[in-house]
Amino acid sequence: MRAFWKPHRIVMALIALVIVVWSVLNLRWDWVPNYLGLAAQGIWRTIWLLAASIVLGMALAIPLGLAQAVGPRILAWPARTFCTVIRGTPLLLQLWLLYYGLGSLFPTIPWIRQSEFWPILRQAWPYGLLALTLSFAGYEGEVMRGAFKGVPKGQLEAARAMGMPRLTILRRIWLPQALHRALPTLGGETVLQLKATPLVATITVVDIYAVASRVRQDTFITYEPLLLLAVVYMAITGIIVLGFRWFEGRIPSRVA
Amino acid sequence: MKKLALTLTAVLMMGGAAMATPVKVGIAAEPYPPFASPDASGKWVGWEVDMIGAVCKAAEMECEIVPVAWDGIIPALTAGQIDAIMASMSITEERMKTIDFSNKYYNTPTVIVGPKADAMTADAEGLKGKILGVQVSTIHEAYAQKHFKDAVAEIKVYQTQDEANQDLVAGRIDATQADSIALDDFLKSEAGAACCEVKGAVADDPDVLGLGVGVGLRKGDEELKAKFNAGIAKVLEDGTYEEISKPYFSSSIYGG
Amino acid sequence: MAVTALVGAAGAASMFELLQLSPPGWGANLLRGLWNSILIACGAFGLGIGIGTLGAFGKLYGGPVLRDLLAVYTTVVRAVPELVLILILYYAVTDAVNQTLLAFGYDRIQISGLAAGIAVLGVVQGAYATEVLRGAIQAVPAGQIEAARAMGMPPGLLARRVTLPLMLSNALPGLANLWLVATKDTALLAVVGFGELTQETRQAAGATKAYFTFFMAAGVLYLILSIGSGWLFARLERRARRGQPELHG
């Protein structure tokens, strides 16, 4: 820690502290107490959308990566197309296509309102979650492809030589090693996914960005809500980065 | 001779001043038929676009139409990116805290539209347990938050009224509240006519719904305000108002 | 069966009608939006590389204060969502510029949406470009730079003749990625109302209610842009790597 606090850093930290204190005292913060409840809900929604889309996205990305790494053409080709399409179009467009595009098809299917899925199809968050999941899967599919290919062939051959069934090799050797290789990238990708979540506010999902927008509309204050919003996102990013670093530290690894 | 030269210079300078930078009039970048919407060639057409042309001509100003995102149009005005807002913005107390308004140039009631099959009334009783959709940063959002917050199941906030209409057709919301003319236009469309109808006008609340639609101006911009008021008065007097309204509306929308 | 086919054909016909290039088709609008998107992406990418080069040199050869300030810049930009940054910078930059001008007695200037969009996305791209270029410069063999210094090359000439050309081949994959990010981030400008492809699509879809058609069309246009860019960057990388030994047989 001593090495971190060089003289110039102490001066800069003090300047930063002065700026923060000045902002707290001089900018308009009178709206904060009124919106704390809404803000807490918004942060919760942002976090669970992030977590759920990452878990589901990875679940989809692993088969996508595997299919591209070793799969027969008939599996690899659709996987590759999926990843290319997802990575080649903006998330905002994908989101609107899913929500408004599919929504525009509903009136043409009259029985849909009586089906059991209707309560879910009605709401906005399933579409947000779906778009974020597919997006994450598209990008991580590429990452996992590289990770699967990067596991040393020797490991897999040795397991095969010992007569391990294919699925066990995947489960015990290939997948864990691939995940370990991908972990640093996944940390960065999680942060990118966090930065993608505000887009769901455009399809009426009330995440923390939507709450900040609401504050801006109600009070006409331009900067303060956005600044606080930026601080919230930086805090969440910090937690994610620290979390991944801790996790990486816990995995035993011998760099050959 | 000297007097002639001085007079000529004065006239030329006035002419030069008249050819100075055009007044940037901001309209909402989102389509809002029949007031302002882009046509297939990208040109903005509609009653409000015609009004802007007429008022500017009557006030002898050169105006340039600048589309700005609706939920950022007031910050754009205060930051100086545009000089006036003519985007069907209602004159309300809340907005008067940040910006100034000219005299009104139209005033129409607010109505609630819902599915034909549903017998609801345009008040808190009728909206009990329903999902209401409104556009962000409008008097309708403010009204819904103030009067219907406890009655409805959810208030969904959309970026554009058009998206709210879409979700009404798709069945994701049970009702939407907006300006009667804008919703009229929606109900004339194929999808709108098939699904929905006007349920009634909401109880008036001048504090929230405002006193009609006026031109938004920066606080203290008295010169421009006087010009716009003069333009609006002239347009109303010399019959241009009726002329412009004829292709769009069957009766005057100036309102009481 | 025949009815479905007819309905399908009618649907496809009306779809093509909506997309055709001249009114009443909205195709020209979409292409104009695409052109705007490309312009902004080019501007932002160029600005980003400019900022990134300065940032990378600053981080590698600058003093401790400069390095820390650049670290703050890159960390903040990479931690805050682009949407929030776009909103903050869009209003803050135009406001700040106008306030300074007013303070000095000049008139407000109008910053066009295009310029603001390029500036904002350029600042965001700059942070990522700093990291990419820094990594690429660090990968340049130290011996080359030392030899040039030993021969007395001034720093400017060194950067221009030795560092930058060698760094380019290392930087191209990262820069290709950044270009794709730039093209897709232009879609976010739809939220501030700027008329690029996504905004034009939303307007066309709103006016005609043919949401599916237009969003799919926009998707196809973006896909063409990204696949085309990928091919272009692959060629650029092959050219930049000419003369270097192949990595694998």
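Just so it is clear, A, B and C label the chains in written order, and each chain counts residues from 1 on its own.
In this section, a residue touches a chain if its C-beta (ideal position, glycine included) is under 8 Å from a C-beta of that chain, and two chains touch if they have at least 3 such contacts.
Here the structure is a predicted model, which means the values were calculated and not measured.
Colleague: Comparing centres built from CA atoms, which chain ends up most distant from subunit C?
Modeller: In terms of C-alpha centroids, the chain at the greatest distance from subunit C is B.
Colleague: Could you tell me which two chains share the largest number of C-beta contact pairs?
Modeller: Ranked by contacting C-beta pairs, first place goes to A-C.
Colleague: Roughly how far is subunit A from subunit C, centre to centre by C-alpha average, rounded to an integer in Å?
Modeller: 21
Colleague: Hey, how far is the Cα centre of subunit A from the one of subunit B, in Å?
Modeller: Taking the mean C-alpha position of each chain, the two centres sit 38 Å apart.
Colleague: So the centre of each chain is just the mean of its C-alpha atoms; given that, what is the distance between subunit B and subunit C in Å?
Modeller: Here subunit B and subunit C have centroids separated by 34 Å.
Colleague: Residues of subunit C touching 2+ other chains?
Modeller: Within subunit C, residues 87, 91, 191, 202, 209, 211 contact more than one other chain.
Colleague: For subunit B, write out the residues touching at least two other chains, lowest number first.
Modeller: Within subunit B, residues 75, 159, 163, 166, 191 contact more than one other chain.
Colleague: Subunit A: which residues touch two or more other chains?
Modeller: 100, 103-104, 202, 222
Colleague: Sort out for me which residues of subunit C touch subunit B in the complex.
Modeller: My answer: residues 23-26, 28-29, 32, 87, 90-91, 94-95, 98, 108, 110-111, 191-195, 199-200, 202-204, 206-207, 209, 211.
Colleague: Where on subunit B does subunit C make contact in their complex?
Modeller: Interface residues on subunit B, with respect to subunit C: 21, 24, 28-31, 33, 37-42, 67-70, 72, 75-76, 79-81, 159-160, 162-163, 166, 189-191.
Colleague: Could you pull out which subunit B residues touch subunit A in their complex?
Modeller: 71, 74-75, 78, 94-95, 97-98, 131, 136-137, 141-142, 156-159, 163, 166-167, 169-172, 191, 194-195
Colleague: For a test of understanding, state which residues of subunit C touch subunit A in their complex under the given definition.
Modeller: 64-65, 68-69, 76, 78-85, 87-88, 91-92, 180, 184-188, 190-191, 198, 201-202, 205, 209-212, 215-216, 218-219, 222-223, 225-227
Colleague: Over in the complex, which subunit A residues touch subunit B? Could you list them?
Modeller: Per the touch definition, subunit A meets subunit B at residues 100, 103-104, 106-107, 112-113, 118, 121-124, 202, 204, 210, 213-214, 216-218, 220, 222.
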